[in-house]
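In what comes next, chain A is part of two complexes: it sits with chain B in the first one and with chain C in the second one.
Moving on, here comes the complex of A and B:
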């Protein structure tokens, strides 16, 4: 049984866990920013009428969605040096998370934009608005609201996915747990502690999602 | 050079087949078990008992809130400390089944809640038992909501099975990792690994999309 569960060791390793937590948070923030950039780009390509942009975007999104993140991570980790690109593990990890989540973000944004009724666009056309004006004044403000909750959902997925970076030796939260587990042969102390930290992040983001939902609901005008 | 590497990779095809077999087997077993348990949990959760439904909700939240990698480590390294000896394969199956069951539970709950209460009341008025109401009235209608995300969940499960390579199971991802130690061409090796997953997952993604369209179209009709 776990009667030897040592809180003292956990306290002793707390600075390591703290560092890991901080690393997980900021690398997730960076990756999510990257994913937004990738996602907006892909969504813009995917919404074009011409095939030239649409087909590569669709192919990319399908390829990412049909393969595991771990294989994508190893693809970059073992593949980039082959192209002469030597990057620190942390950068490879952020790159992999951005490129992976970007595909899902693209789908969320596309769904958000397509959820705006055609009548809105037609009204914009009838009012003599240009394409850019329609996008900026009519479609995007409404699409923005619809996409916030699923985007926060994707952020939760991203934070959890970032645990995989421990497998390429990035010193984030899961890695801290692994270190405690292997240094002291205390897997329970190591992994239960990091699970608790991840839950903290999860409930934080979930609360934010609920709050944003309520805020957007209060702001009204749901289409 | 690339030709030699291709030959060298082709030489390890028995290993690759074993890896693919392991991935498919892991996914298939936990898919079946996870679906059964997930439906059971979903039905229990929408049942009247607050205690049971609260406990299931809390467990699902714990599983949804932690990375799958951490869950695998917890199961693989801590169950033995509790006196439960298990090998990597069993640990992988337990972890994947649990994950699938929790996510499918949520899908089933959403499906059951989507059925209008009038339907349940009508069934109640017709004197159907609890089980009959569930089986003959609620579930068939809930399936319309449940089916598309269920198939999507299977895709996630197959992809998540790659994480069990972290505890040393020789699945498709692990095979890639082994081969890349001998053939130093990560791009090629993991492109092929990705292709293996793609072949299994992409048809399922297409199926989920088709179902979504069809179920969406069926919405509002009287019969299923």
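Moving on, here comes the complex of A and C:
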């Protein structure tokens, strides 16, 4: 069985995989930055008392979470040009991942802020802090610590979701596997290789999560 | 002890006919009470009698439904009253301390002075170290709250209030969450603050503290002030059945 498995072809295609890996990494980084921006904005809207901001934020988050990422991606890729907005595939892909992941990030941030005990808010209020001062000095620094681990989890999901961009012809890691599979009819070699690379990325992010956990522990996060 | 009450009846804290409801529950019933500058008033009563709610209204952690509440000459709920500004004059010590867990003891004390009072950092830190020394924690300046005992945390919390140089200090059952052996270290600090002439309202059942520094004890039940008098009057000759019943329960052991 294994005699049919061509390591040589994998080595031959390594530069292609390498390019794909690099593309996956930087488009994931950009998308996650976008997701953080979208998520912070949505969480801020969602935490307001007034419905004016809260209802649109909740509707957006529900819409994203209720529909498949692939449908969202196709909507942006095929739908936007019909509305006269024509963007390069890569931009559409980063946009789709940012908008999708942003909804999940928003909920992580909101949960982090709400996890801070009411007494912390009251201590800030009682010492004459304004809402902005309380957020900046008391709530957000504490919420930040509890959100880091789930945010890294979301980053791992985003990296794996980025594989869908191969379907709109973005030359990322999964696309490299597809090319090997179709050029040489070697799906086993193609897809096992990309799986190995995704595993590598996963361990990278997990290591980062462990490092951040240790760093946060040192900073006196325990109560 | 009413001798220090001013003639015009405007004390540091003035409740006049204050009512408050939680839903249909009348948690404060027609409260009228005046606390003079430098006066120490102890508030006691059974749990659920509205003691905590009473003092939480003073710095606006709770709002009142009707009546007047005037603090340091400013009427609460009046659009002209800057609540955020007024709160800087009122220290509040919580039952559960509520120290900032991500800040050291010193940072807990200096945070509001630096950011709210706009005191230069070096000056605030110098004052903060002195205050922590005053509450007996000179060696814990750089400790995080999680590294301190309950009694130590509460003393940091008192220092945190003093750092704002308030005119009034409110204490909401400051020793109720503490192990017995830590209660006296917190009470000693409170006695010292009282002896420096701070205007204080203290919700507590620590009768030794009341006898030592309070000019007045206010007894509440079911949202109303039932009785009020000097600690001696109240403890030795309670006037109502309810206060007698309450005292017999807390003094029995």
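Throughout what follows, the second predicted complex is superposed on the first by the 221 of 223 C-alpha atoms of A that agree within 3 Å, B and C clash if a C-alpha of one lies under 4 Å from a C-alpha of the other, contacts with A are read in each partner's own complex, and residues count from 1 in each chain.
Assume a residue touches a chain if its C-beta (ideal position, glycine included) is under 8 Å from a C-beta of that chain, and two chains touch if they have at least 3 such contacts.
Given the structure is predicted, the values throughout are model-derived calculations rather than measurements.
Student: Is A:79 touching anything from chain B or chain C once the two structures are fitted on A? First, second, both or neither.
Tutor: first
Student: Count the residues of chain A touched by chain B and by chain C, then name the partner with the higher count.
Tutor: B
Student: Quick one: classify A:148 as touching chain B (first), chain C (second), both or neither.
Tutor: Touch partners of A:148: none, neither chain B nor chain C.
Student: By the touch definition at the top of the document, which applies to A:25: first (chain B), second (chain C), both, or neither?
Tutor: A:25: touches no partner chain.
Student: Examine A:130 and indicate which partner it touches, taking first as chain B and second as chain C; both and neither are also allowed.
Tutor: A:130 sits against chain C, while chain B stays out of touch.
Student: Where does A:208 make contact in the superposed view: on chain B (first), on chain C (second), on both, or on neither?
Tutor: neither
Student: Which partner does A:87 contact after superposing on A: first (chain B), second (chain C), both, neither?
Tutor: A:87 sits against neither chain B nor chain C.
Student: Across the two complexes, find the residues of chain A that touch chain B and also touch chain C.
Tutor: none
Student: Which residues, counting only chain C, touch chain A once they are in their complex?
Tutor: Of all residues in chain C, those touching chain A are 59-61, 84-85, 87-88, 90-92, 94, 96, 98-102, 104, 111-112, 115-116, 144-146, 160-161, 164.
Student: Using the touch rule from the top, collect the residues of chain A that touch chain C in their complex.
Tutor: Touch list, chain A to chain C: 117, 119-120, 122-123, 125-130, 133, 137-138, 141-142, 145, 219-223.
Student: Quick one: which bits of chain B touch chain A in the complex? Just the residue numbers, please.
Tutor: Going by the criterion above, the answer is residues 62, 64-71, 73-74, 77-78, 81-83, 155, 158-163, 165-166, 172-173, 176-177, 180, 184-187, 189-191, 193-194, 197-198, 201-202, 205.
Student: Report the residues of chain A in contact with chain B in the complex, numbered from low to high.
Tutor: For chain A paired with chain B, touching residues are 1-2, 62-63, 65-72, 74-75, 77-83, 160-164, 166-167, 174, 177-178, 181, 187-188, 191-192, 194-195, 198-199, 202-203, 206.
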